[in-house]
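Multiple structures are listed underneath, in structure tokens.
Two complexes are shown next, each including chain A; its partner changes from chain B in the first to chain C in the second.
Let's turn to the complex of A and B:
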């Protein structure tokens, strides 16, 4: 962390970058938040620990419009999102100075709470995690606090960077399509009951949309014509019911599977299951495709071959 | 909708202007019957159909939605239906994944010369939807309303 901070200060001082996009220390170890730092003095609040799960690539859309370069810290999975934004022409590669930061799997306070720890006063981001609670100190294995998305990590290689700082550790233990396969194996009634139960929890806070790097339209289909908060008040029943299907479809072929949607959902809806289903189908039908791996590659939904499968394949036993 | 307790499905058919709409016209002028439950919406190309149109049709009470376009390779705009084909495959697969009966959606390629195919397809599709009954799942995905 210190090495990263020193390097960022050095680049700020010598004028290579005008600002740093990183994480600001929160009230506790476990709640760092994304922030811009535009001076060396401001950098005192800079932090990078194992709780820094936020994907910063989407902030580069705004940063690309600013004067000068922005130093951005990207984890391996974030670098895919950055590349995808470059190919969507939403960020300017020239405006970014990318430091690829190491990742050993990210922790989440929600996961730690889920493992049954109550009355948390403070936590460390070390392996094992030391938790200080009202009822005494506890020690948790690192994996008990890790975000579920990190167990099906795409790999610890950065696809785009200017320099690399910090070490990574492999965290992938399960196939990312296992959950999708489990749902595919259900009967239609079970599938429907599962999704209805999950989606009924949705409060339409739009957190998934706002955090998603693939959701980068200037004007979203779900935005009304009214001003500011008034546009949120008139969600019609169509939006209410179809929001998640439509959102998943809109990012299909561009979703890099960064898992931010599920991480930020205050209701704990496993939204990544929609995106992964699309990714799985695309891989099966149109060939292996990882969005963001190559910014020059053509997206699966903006290209075609004359031998593509017919839609009737779905009713003939589905896509497996 | 039901009259005399007999279930009459509401079917929305998106037909491309150049092939399928003309195919439907030919079916009409050849006096080939197809059920009046089918409501045709003319679109410039099958590729014009945004997946939201299909979801919207279901939300507004359709029991089945069918998309008809030119045969692959015969698109008036050269490649439109190839894009539509990929989109619809993914959308239908997603609906299936969410537990919506997969017979409710269909894509059929009907050329302007295939009045017979249009009429038989529509008859088949309406029969299929009749056997599936009313669409409740897509209208009730979130237990709201």
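Let's turn to the complex of A and C:
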């Protein structure tokens, strides 16, 4: 952390970058927030700990419009999102100075709470996690507080960076498509019931959309009046399904599976599942493809070859 | 607000017998924007059109909906009509209450209800229509014919005679197609080569025809009037400008063991070869798979013997890029593989052959020099059995569901020719039905039976079993006499089903031309536009569109040529104004639309926009409306909904759906 901070200050001082995009210390260890730091003075609040889960790549859309370069700290998974934003022409690679930061799996206070700990006063981001509660001190294994996405991490390589700082540790223990297979095995009725139950919890706070690096339109179709689709309140459960299904299709082929949508959802809806299914189908139908791995790559959904799967295969209920 | 007139057509009784047209009139008058509605017997007639004209003037209509037949039928008619009476033609919408409604319903109440709903959808759309202006695009006065069989040759000759340049792309080393493999042809029994070769020579010598043999179409872009095509000219390894066609190389080539494609594998050819003596061009190709020079580096005999110095082992494939106004597909057919028909012992016995192989055997230039003989032992057969419908009219997936159409006639031809030349040979034909419609066709078949004594038995052959003595045991049923037949034969000829040539799928995909479940190319309308593909500027000629014999092929080839000539004769084409248009405030400049545009119509530029007071330089999509074909691929790819198709905007489509679901 100190090395990262020192290097960032150095780059600010020598004028390589005009500002730093990182995380700002919160009230507690567990609530750092994304923030821009435009002076050495401001850098006193800079933090990078194991709770810094937020993907900063999307902030580069605004940063790309500013004078000078922005130093951006990207975790390995964030680097895919960054590349995808570059290939969507929403982020300018030249405007970024990327420090690829190491990652040992990110922690989440929600996850810690879910493991049954109550009355939390403070937590550490260490392994094991030390928790101070109203009812005494507790020790939790690191994995008990880890985000579910980190168990199926794409790996600790950065696909784009200018320099690397910090160590990483392997965290992937499960096949990310296992969850998809579980749903594929359901009957259509069970699937419908599953998604209906999940999606009906949505309060249309828009957090998932706002955080998603693939949801990078200047004006979202749900905010405009062009299609009569603007709809903020949860008035009709059908509207919710429309919102999520349309959103899933809009990011299909560009979703890097960063897992931010599920992380930020206050209702705990496993939103990433929609696009994981798409990713699995894309892999089966068009060959392995990872959005953001290569910003120059042709996306399988926006390219055509005569070897492409026939529509008849796709319409027969997709590939399972 | 639009002022909409709705015109409900009876189409005689086609619509009015099932749809209560008066009720439709009454109901549509309640719709927003509708200021006029009437019904009439034939809206498309002059009187009907005059009614539309009168209403446009009297009621100051800004848009009209015609509830009638399919827009494929009369959309153009009503658009022209509107234009004549001063209304922008794109302010016309058709509600298809015939094909989509009256023809498929029996119950009047249901049909009427549906007709009202369909009208409502069209009205909802017109409410959002805006006048559009059609542009113009140029026409490249040159045609491409893919496939150099009789179909392709005839089409090319007809187009060339009208004064336009034509290129033929043929994938084998010579033009001629299947017809060059045939011996004599029904119904007149003239020799195939005698009528084909003069046409081949004409094509080769025609100043307007340019032939690329041993070549294939590799890439197609563009659209009607302005296609750009990449043609791969495969390396012949022989310089066509030097070769005199003497044939010494073929004679001297030591590698002579490659099965001849032209003789259907019944004989061999050398590594350097022309498929047949009358090949056009008369320039050999080296089959690099068989050539010793290419395989081992040693040999080089042909180079040594060639007086003209034409052999060029270093020749490379060449890509030729050319522009065309029209493309004709004439890729023809092949016979199906018989691997799944073990009961006929085709793979077990040399004496079980296909009809096409028999053509080669009977041909004087064929593997047996025209002598009818068994391929196993060279003996003259005494008993020949023909089996019809092998793989045709087949209900399981081993064969084809359709009738191959030519087999009844050529089998009668084969039977007759054999009986004529070898009167001592017994000929038996097993058939399901004999289908011989066509001028002089039934007479031809009856001659086989009555004059030539061919033994026709209605029934199917269940099994052909090779016997130890070299003969073939044929088990069949006689359906008329209701008995089982077992007979010995020396030779069995299978009238094998035909199918479109391999590779037609690829061609169809490149041309975005549609094909049916049997891989035959689909026509724009089965009755009224039989030689046009639904893709504008693409035409169909010969068996690639459906089974047919030579007279029909030639007739269709001429028809396709006329369509091409009609297109090339125009200097300009009016373009479809329903092109894509991005909303600059919504566009992300993400680049997805250009990736999916099949016509390369989209580019990007950085422009300043004023987004509600914020001035910003943004990367934005730009559509070249001269190139855009209105396919809509970009509109569905655009995540922000910035890209819209004029005349089919997202809003209009949603309004239609909403009107239907109301």
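In this section, the second predicted complex is superposed on the first by the 294 of 320 C-alpha atoms of A that agree within 3 Å, B and C clash if a C-alpha of one lies under 4 Å from a C-alpha of the other, contacts with A are read in each partner's own complex, and residues count from 1 in each chain.
Note that in this section contacts are C-beta pairs under 8 Å (C-beta built on N, C-alpha and C of every residue); 3 or more make two chains touch, one makes a residue touch a chain.
Given the structure is predicted, the values throughout are model-derived calculations rather than measurements.
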Three-chain arrangement built on chain A, chain B and chain C clash or fit: clash
Superposed model, chain A: greater residue contact from chain B or chain C: B
Partner chain(s) touched by A:221 [first = chain B, second = chain C, both, neither]: both
Contacts of A:306 with chain B and chain C, given as first, second, both or neither: both
First, second, both or neither for A:281, with chain B first and chain C second: first
Which of chain B and chain C A:129 touches, first, second, both or neither: neither
First, second, both or neither for A:258, with chain B first and chain C second: neither
Contacts of A:200 with chain B and chain C, given as first, second, both or neither: first
Contacts of A:90 with chain B and chain C, given as first, second, both or neither: second
Chain B and chain C footprints on chain A, overlapping residues: 221, 302, 304, 306
Residues on chain A engaged by chain C in the complex (per definition of touch): 65, 87-90, 216-221, 224, 226-228, 250-251, 298-299, 302-304, 306
Chain A contact footprint on chain B (complex, rising order): 51-52, 55-56, 59, 72-73, 79, 82-83, 85-103, 105-107, 137-145
Footprint of chain A on chain C - complex, ascending: 506, 509-510, 583, 585-592, 595-596, 598, 604, 611, 616, 619, 637, 639-641, 650-651, 654
Partner chain B, residues of chain A touching it in the complex: 183-184, 186, 188-196, 199-200, 202, 221, 237-238, 240-242, 245-246, 248-249, 252, 274, 277-278, 281-282, 285-286, 300-302, 304-306, 308-315, 318-319
